[in-house]
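Chains: A, B, C and D, in written order; residue numbering restarts at 1 for each.
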Amino acid sequence: MTILKRFGVSLPGDLLARFDNEIEQKGYQNRSEALRDLIRDYLVKRDLDKNEEVVGVLNLVYGHHVPNLSAKLNDIQHDHYHNILSNVHIHLDHHNCLEVIIIKGRYSEIKQLSDRIIGTRGVKHGELSFNSTGKNLSGV
Amino acid sequence: MTILKRFGVSLPGDLLARFDNEIEQKGYQNRSEALRDLIRDYLVKRDLDKNEEVVGVLNLVYGHHVPNLSAKLNDIQHDHYHNILSNVHIHLDHHNCLEVIIIKGRYSEIKQLSDRIIGTRGVKHGELSFNSTGKNLSGV
Amino acid sequence: MTILKRFGVSLPGDLLARFDNEIEQKGYQNRSEALRDLIRDYLVKRDLDKNEEVVGVLNLVYGHHVPNLSAKLNDIQHDHYHNILSNVHIHLDHHNCLEVIIIKGRYSEIKQLSDRIIGTRGVKHGELSFNSTGKNLSGV
Amino acid sequence: MTILKRFGVSLPGDLLARFDNEIEQKGYQNRSEALRDLIRDYLVKRDLDKNEEVVGVLNLVYGHHVPNLSAKLNDIQHDHYHNILSNVHIHLDHHNCLEVIIIKGRYSEIKQLSDRIIGTRGVKHGELSFNSTGKNLSGV
């Protein structure tokens, strides 16, 4: 069970007024809810800066007619199978595949593995994003 | 079949020397291969700037004990089922889920839908990245 | 005079513990100070999303031997003199100049002007960053 | 004098057609000019990745009534005077100052110094961007 703790914050009146206005527009129910989100975003950034264990989501687009590409991408992933949580493949059209590879590890490991995958001949374009593993990010 | 076209490029000698040095370190076989990658990256950025159809990959972390969260996330996605290509769910640990939602649409549509999903109460943190649909990004 | 307002926030205990730990490492004196910073960062992002008036800081590197470049850059800036607050020029070495152009306006205006300047022949590389105009970001 | 070198590039026909179309819209005179820009952007990114010497441009907004803030910011900068190339101060309005600090050094040094400055109590918001020192980025 999550135990909520309550504490006081002091903010300049005009800053608070503008914050209230913005979070209302965004649909937040109250200040605590909005502040929790800001705090979690901050903690995720800190995890990345400190090279903690995080989750990386790599997306790739490649042509499915490129000879051996799929096999090469598989080989690289098997070298790191303990880091790879999952792999989704989508047939975008007759020629193009989207592959999303979900990786767990330290920021630096994930970055290195992604660079290797994106650099494989035949991969058209790849982008990597990150998230927390969820630990210490209590979700209320 | 992909038809390769050949053309001449002129570059200052020192710029070319440094480029050659960097791409060799990165493992490229030749300049054409490296330039194709730079060109594709450029075209993906242009697609986003011009609000063309692209693929968005949204990742979310949330606690799987949050009541109704999963149902709410499903509802939002069903309102946009024609944009959502796929959905992967990973059990990160006893408490935490990672969900990756793959969305096709214009940049602005994908951004709006993602904001709504990320803003749902109980979602701890979300990140959105983009890729091309692969059209006009010939993959050789 | 800035009037401070005080209000209560409730946070899951584990989230609060981790937040306290991180902000102490960062040198914050107390939670209010750290939360004010997070709130201001959030408001600056909202200003950009909503195309409000902001400050853009554009930096350029170019070779100072390129004929007419300086004149061309000046011409573009004079077309937008009401947006340009200041301009700093630094002689990086015998060949290279850094120019920092400080621009006030809506996000979209600043972006368009920057693209035009960066695209001028002879500009080696340019980067644009943003800040608030400081209004509604009370600084305590 | 800059010596231009000429070499051949091969590209899939459809990729080349789309590239030509995009760079024409952007106002480039020819492919070489556009490719030079892409190559320079790539080299700047490599400089940052490899922690080479670069130029950082830090912008800050702060309230000019905050006691001792200006003195504190000066003190920090004097500790690093050999890294700081220049400093511009702009009076945004009756209350707000924009300060742009131009820093030369390795990426990691600049990042650390910026974090310290941004973290100073009274600074409302700061953003850091980077550029090359211009060496090895021949500007034709």
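Everything that follows uses one rule, which is that a residue touches a chain if its C-beta (ideal position, glycine included) is under 8 Å from a C-beta of that chain, and two chains touch if they have at least 3 such contacts.
Source: prediction; values computed, not measured.
Shared contact partners of subunit C and subunit D are absent; no chain touches both.
Between subunit A and subunit D, the least number of touching-chain steps is 2.
Inter-chain centre distance (subunit A to subunit B, centres taken as mean C-alpha positions): 11 Å.
With centres set at the average Cα position, the gap from subunit A to subunit C is 25 Å. Residue numbers of subunit B whose C-beta contacts span two or more other chains: 40-41, 137-140.
Considering their complex, residues 26-29, 33, 40-41, 44, 55, 57, 59-63, 66, 85-86, 88, 90, 92-93, 95-98, 100, 102, 119, 121-135, 137-140 of subunit D touch subunit C. Remark: subunit C residues 2-16, 18-19, 22, 31-32, 35-36, 38-43, 46, 136-140 touch subunit A in the complex.
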